[in-house]
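Report on the following structure.
Every chain is named by a letter (A, B and C) in the order it is written, and numbering of its residues begins at 1.
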Amino acid sequence: MNLLVVSPILIPLTAAALGLMLWRWRRLQRLAGGIGAVAGFAAAVVLVATVWRERILVTELANWPAPYGIVLVADLLSSLLVLVSAGMGLLVTVYSFASTDKRREAFGYYPLFQVLIMGINGAFLTGDLFNLYVWFEVMLMASFVLLALGGERPQLEGAIKYVTLNLIASAIFLAAVGLTYGVAGTLNLADLGDKLAETDNPGLVTTLGVLYLIAFGVKAAVFPLFFWLPSSYHTPPVAVSAIFAALLTKVGVYSMVRVFTVLFLHEPEYTYHTLILTIGVLSMITGVLGAAVQSEFRRILAFHSISQIGYMVMGLGLFTPLALAGAIIYIVHHSVVKANLFLISGLVHRRQGSHELKKIGGVYLACPALGLLFLVTAMSLAGIPPFSGFFAKLALVQAGLEAEAYIAVAAALAVGLMTLYSMTKIWTQVFWEPAPEGVTDGAAFPDDPSAGPWGMVIPVAILAAMAVALGLGAEFMFRYAMAAAEQLLAPAEYIGAVLGRPS
Amino acid sequence: MELVLAIAIGALYAAGIYLILRRSIAKLIIGLALLSHGANLLIFTAAGLERGRPPLIPEGQTEAAMPIADPLPQALILTAIVIGFSVLAFALVLFLRAFQTVGGDDLDDMRTTDT
Amino acid sequence: MLLVILVIFAVAPAAPWIHRAAPRLSGWLLAVVPAGATVYLLAQIPEVAAGNAVTAAYPWAPGMGLTLSFYLDGLSLLFGLLITGIGALVVAYTGAYLKDHPRAGWFQAYILLFMGSMLGVVLSGNLLSLFVFWELTSLTSYLLIGFDHERAAARESAWQALLVTAAGGLALLAGLVLMGVVAGTYDLETLLASEDVFREHGLYVPILLLVLIGAFTKSAQWPFHFWLPNAMEAPTPASAYLHSSTMVKAGIYLLARFNPMLGGTDLWFWLLTGFGAATMALGACMALPQNYLKRLLAYTTISALGALTMLIGMGTELALKTAMVFLLVHALYKGALFLVAGSIDHETGEKDITRLGGLRAHLPITFAAAALAALSMAGIPPFFGFMGKELMYEAVTGDVAEGAILGGLALLTNILMVTVAGLLVLRPFLGARQSTPKELHEAPVAMWLGPALLGGLGLFIGLFPGFTAANLIAPAASALLAAPVEVELVLWHGVNLPLLLSVLTLAGGAAIYWLRDGLGRLTAPLAPLTNLGPERGYELTLAGVLGFSAWQTRTLQNGYLRRYMLITVLTTIILAGGTFVTRFAGLDSIVLSEVRFYEGVLAALILLSAVFAVWTSSRLAAVAAIGVVGYAMAIIFLIYGAPDLAMTQFVIETLTVILFVLVFYHLSRFAVYAGRATQFRDAVVAITIGVLMTVFAFVATQIQFHDSIHEFFAERSLPDAHGRNFVNVILVDFRSLDTLAEIAVLAVAGLGAYSLLRLRPKRKKGS
């Protein structure tokens, strides 16, 4: 059994358990959370490096052969996503040290955080359909609690919507898994890929695929299943919003990609080009239009997430190597940038006490460094070169035009313009426009002229630097993404590696 | 029997969804419980009904006497039951807290995060 | 070449510190960088004039076609010199203009960043890297226009400019990528060499339209011109640099650069010439009533850009040469005049020409510079501007379709140019002295050096055009035509039509200058019509989009959880049900096992309990119904050979019921909130999905692609896992990861419930 592949699950588990055992001592809980995050990140780096060499790593848990036991599969895509989750987990943990209030910390914030990371990693790495369901539930449960922790009224209201909509999705997912087993007799993804390939009833299989699409679609917040996101994302503390924005929806997107590249290849015209592409385009449009009329910092970001997910789904819908590579680049870019925007909103809130755009202002004059960090990140989201967002969009535009999906590309570009609109709206109203009457910048901390405590500023700076680095180093990201995309489009390699056959 | 059970599953889903669409959070959570049951029964039924013996090897023998029921969906449902219960328990507490904070069980009063 | 651009980009962020260190000298210090770049470019003249392009290439993202390659030929050299040369003068000028401004260093930083980006645009040898720099110019322009961000007008104008140019930019991106897809490469040198790749292709029209939208928005062609006058909110050095000499010329550069690849067709001719000529005339007309110095300059710039577009559209060899000449002419005089306007504002505090007069005595050098520039603008010999005008008349009266119309429009425009030149110089500097807010004295060296140099060049090149013609204009025109050409610039062509037109121009210009006020009174009733222009269209479009967004968000995300769930469920029904109904191939055979009596009773019990739970109004009864469902399921499990499962179900169901009772004790009675219609609708939806699930479940029992894998567990549990109960072995060994995760869920749920109950928000004072 390959411990390296298991470590993204094992390390957060240990950190969480340790944290729970140290329940009485808040400081030690922080330590456990921090060590878990650092160790997790280190393991993820080693994992990605190894997978880049070996192309795909498979671990049979307890050494039971697939498809009878559960396997963990680290291919190029899943190990990349594990790295993203570990990296974001580390940075947000550091931010949490400086920003989370003591009461939340005392009620298990850090162990919960680690369980969330564990669930996410499990979902990325698993090669078994029911196991995927279970990791989904782990992740969901941890997110339910993190969302509601603190008990403020907006949190509770948001949590109710979040919980119920996700429970419906889970019920559909479970039903789909049950139906799949009933029809195919196995739960291992690779084995399913094998067995579903030669079927004389493709319509039934496609129907199953649609059920999975809906279940994952709720998770990924695509149109028309996204409602939980704008209702709840802006209610918990900013660090929680940030890690949600970075990772939760990506698990939904990843599952869609995985399931549709290994299992449901029967009717590509219908599934991809019609269904998934349409969903992607509508998500893009709905999200960005929703964002355009919001007046609260975090709600704008929440609606935007829907729109950006639309881009990733569009990449899946186009179903060419370049399109999938674009989607992968987009996933990484969006995690970095969106989380950073949430974290920055936290820094602004700290200075001026509100998230409502009309009640804050003049941040640029008061703290140009913060303005610069926001500008870089926001322009990256809007797709302005030379930052990461431009390359993600470029890949998708190129893929779309090559595939002659002109409407999708037109929508993508128009949505990009509206994204720029929202980002500059925030810039104008928060950073350029002078603060409204009665608001003094930095009033809470008159003796502290810096942007914020180191714990909050360093993650933000690192993430902003990443947005630049991913842009300048786009070739590297592109090569990796193309390799991952090509690997995804040749499921024989995946199936062969898992089932132990030469591919 | 498959047909009969399938109808029961449909009834559970229908009742569950209907209750979820109501405005009262108490009814909502009853609906969630029914939905959960429906999903579990679905797994059980779809996997194939075998009116056979339980999947174990009795003492003193070395092989199970065929035909046995399929152990795999049973394990899956077991896991699903426990998970479903955990989620339901948390949801119950959540709804209780919401009820206490808002002062009523009408969902229409719980819209501040969207407006 | 990369080094040059990188140096500029590197120095930019340091500007604020340099300014803080040496506030008096920062302008001069920073100007060294663009001056150095100018020298570098001048040094390239011999090579380029000989017809060779200087190239360099650095990979950035070659997998996506984006190489940072540079291509320096006559066209880019001409533009490059304008960017760096005028840039150096502007940077020095800013040092004095913003001397006392607290954020002057930031301004210099933005200007330098812009300079680097603009240079990148004209030196780019790769379509995608051109786009990268193009967008960067939009971004830096935004920061510059909104520099005075405390003023709402500055913020709004900056935003408008950004949105319009960014929209154009996105269209341009689509066009460029299409070009790359069609031609298979993004490399400019390769594309320029391949004939007719685009003109013959089916996608020619979309490509052309997209590229034109990009160019027209950037270069303020009608109807995308309205952002430019509003951009005058920027501090004057920015206006002088970006919005007259460089950034707005980026679109012209694009058209010129793409002429060999996309030009030459009828569509090209009609679109460019049409819009260009219209812009040219409209810009001039709109300039006439303006009283603010910078607005006069802005509208005449729009007119000049229109003229350039028109000339490139005309496409004849003479027209293209004229375009290059006029490019240089305009940059020289307009840059000078803008800087002079800034000096006037800086020294007098006044921007309105109706309130200025007699400045000649106190600002003599500035006046001289202004006069030189104005004479060039009016096209009076022997200034360079006169040559430009003559060439334009020659081009439009030559062998060109619709030459008469073009000629007429050109005549009108040039007449108005003469008038405006008079307004710009005669009004403020001559005549009676008017009182001004500030104490008058001559501008500092840094502020008159620029205009003086630029104005002086206008005269110098007019008198000695040879060097310029051979080494700057000719290579540029050659690049446009993709073939070497010779250029001869002479002051006197003999008495011909262009000369007559020039005389007419001067006469007309002078006449309108004298009659301006009268004309103003005559046309005053028409003034409200100007509000119906494209700017209004822009505002209406934006408002429309936002209105639609608000409606959409209100409808979809209205806060009602049941609406969300209804949509989710409906989506499931439509998509899953629809897919199934349209694509399912049908069942080959139906095999039903028999229904034994007690099993049927149990199933019926489940069904009835479910219905009862819906119908009842008693909370406890509903909970009891859930319990009945659970227990009935447990018994069914027992019948079908799942004893462990049954036990678990019994236990958990009991716990569930207890938990429900505990919580419901605190909740209120069931209430019925919804009306009959809603109940009916919900019932229909619920029953539909119930039917769907029934069908799915039933089909799944009938169809089996493969035998299930459970034989493995039956065979291997005892020998390998040492367990007799297969279900247990699966849970604990074969699929132990599932169980691990399941326990984690349970733990977190417990933790969560505990935290929810114990961790309550602090009571706020007064709530």
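A few notes on this one:
FYI, a residue touches a chain if its C-beta (ideal position, glycine included) is under 8 Å from a C-beta of that chain, and two chains touch if they have at least 3 such contacts.
Remember, predicted model here, so these are calculated numbers, not experimental data.
When the C-beta pairs in contact are tallied for B-C and for A-B, the bigger tally goes to B-C.
Put simply, the chain farthest from chain C by mean CA position is B. Distance between chain centres (mean CA atoms), chain A to chain B: 28 Å.
With centres defined as mean CA coordinates, chain C is found 50 Å away from chain B. In chain A, the residues touching two or more other chains are 130, 134, 137, 141, 144-145, 148, 151, 153, 160-161, 164, 168, 175, 178-179, 181-183, 230-231. In chain B, the residues that reach two or more other chains under the touch definition are 16, 20, 25, 38, 40, 42, 44-48, 72, 76, 79, 83, 86-87, 90, 94-95, 97, 107, 110-111, 113-114.
Among the residues of chain C, those in touch with two or more other chains are 557, 559, 561, 565, 569, 693, 696-697, 700-701, 704, 708-709, 713, 735, 738, 742, 745, 748-749, 752, 756.
Contacts from chain A toward chain C in the complex involve residues 13, 16, 20, 61-62, 64, 67-70, 103-104, 107-108, 111-112, 115, 118-119, 122, 126, 130-131, 134-135, 137-138, 141-142, 144-145, 148-153, 160-161, 164-165, 168-169, 172, 175, 178-179, 181-186, 191, 195-196, 199-204, 206-207, 210-211, 213-214, 218, 224-225, 227-228, 230-231, 267, 270, 275, 286, 289-290, 292-293, 303, 364, 368, 379, 384-386, 390-391, 394-395, 397-398, 401-402, 409-410, 413-414, 416-418, 420-421, 424, 428, 432-434, 472, 474-475, 478-479, 482. Residues of chain A touching chain B in their complex: 130, 133-134, 137, 140-141, 144-145, 148, 151, 153-154, 156-161, 163-164, 167-168, 170-171, 174-175, 177-179, 181-183, 187, 230-232, 234-235. Within the complex, the chain B residues that touch chain C are 1-27, 29-30, 33-34, 37-38, 40-42, 44-59, 62-64, 66, 68-72, 74-79, 81-83, 85-90, 92-97, 99-100, 104-108, 110-111, 113-115.
Every residue of chain C that touches chain A in the complex is listed here, in rising order: 59-66, 106, 128, 131-132, 135-136, 139, 142, 146, 149-150, 152, 155, 159, 162-163, 166-167, 170-171, 173-174, 177-178, 180-181, 545-546, 548-550, 552-553, 556-557, 559, 561, 563-565, 567-569, 571-572, 575-576, 579-580, 582-585, 693, 696-697, 699-701, 703-709, 712-713, 716, 733-738, 740-742, 744-745, 747-749, 751-752, 754-756, 758-761.
Within the complex, the chain B residues that touch chain A are 16, 20, 25, 28, 32, 35-36, 38-40, 42-48, 72-73, 76, 79-80, 83, 86-87, 90-91, 94-95, 97-98, 101-102, 107, 110-114.
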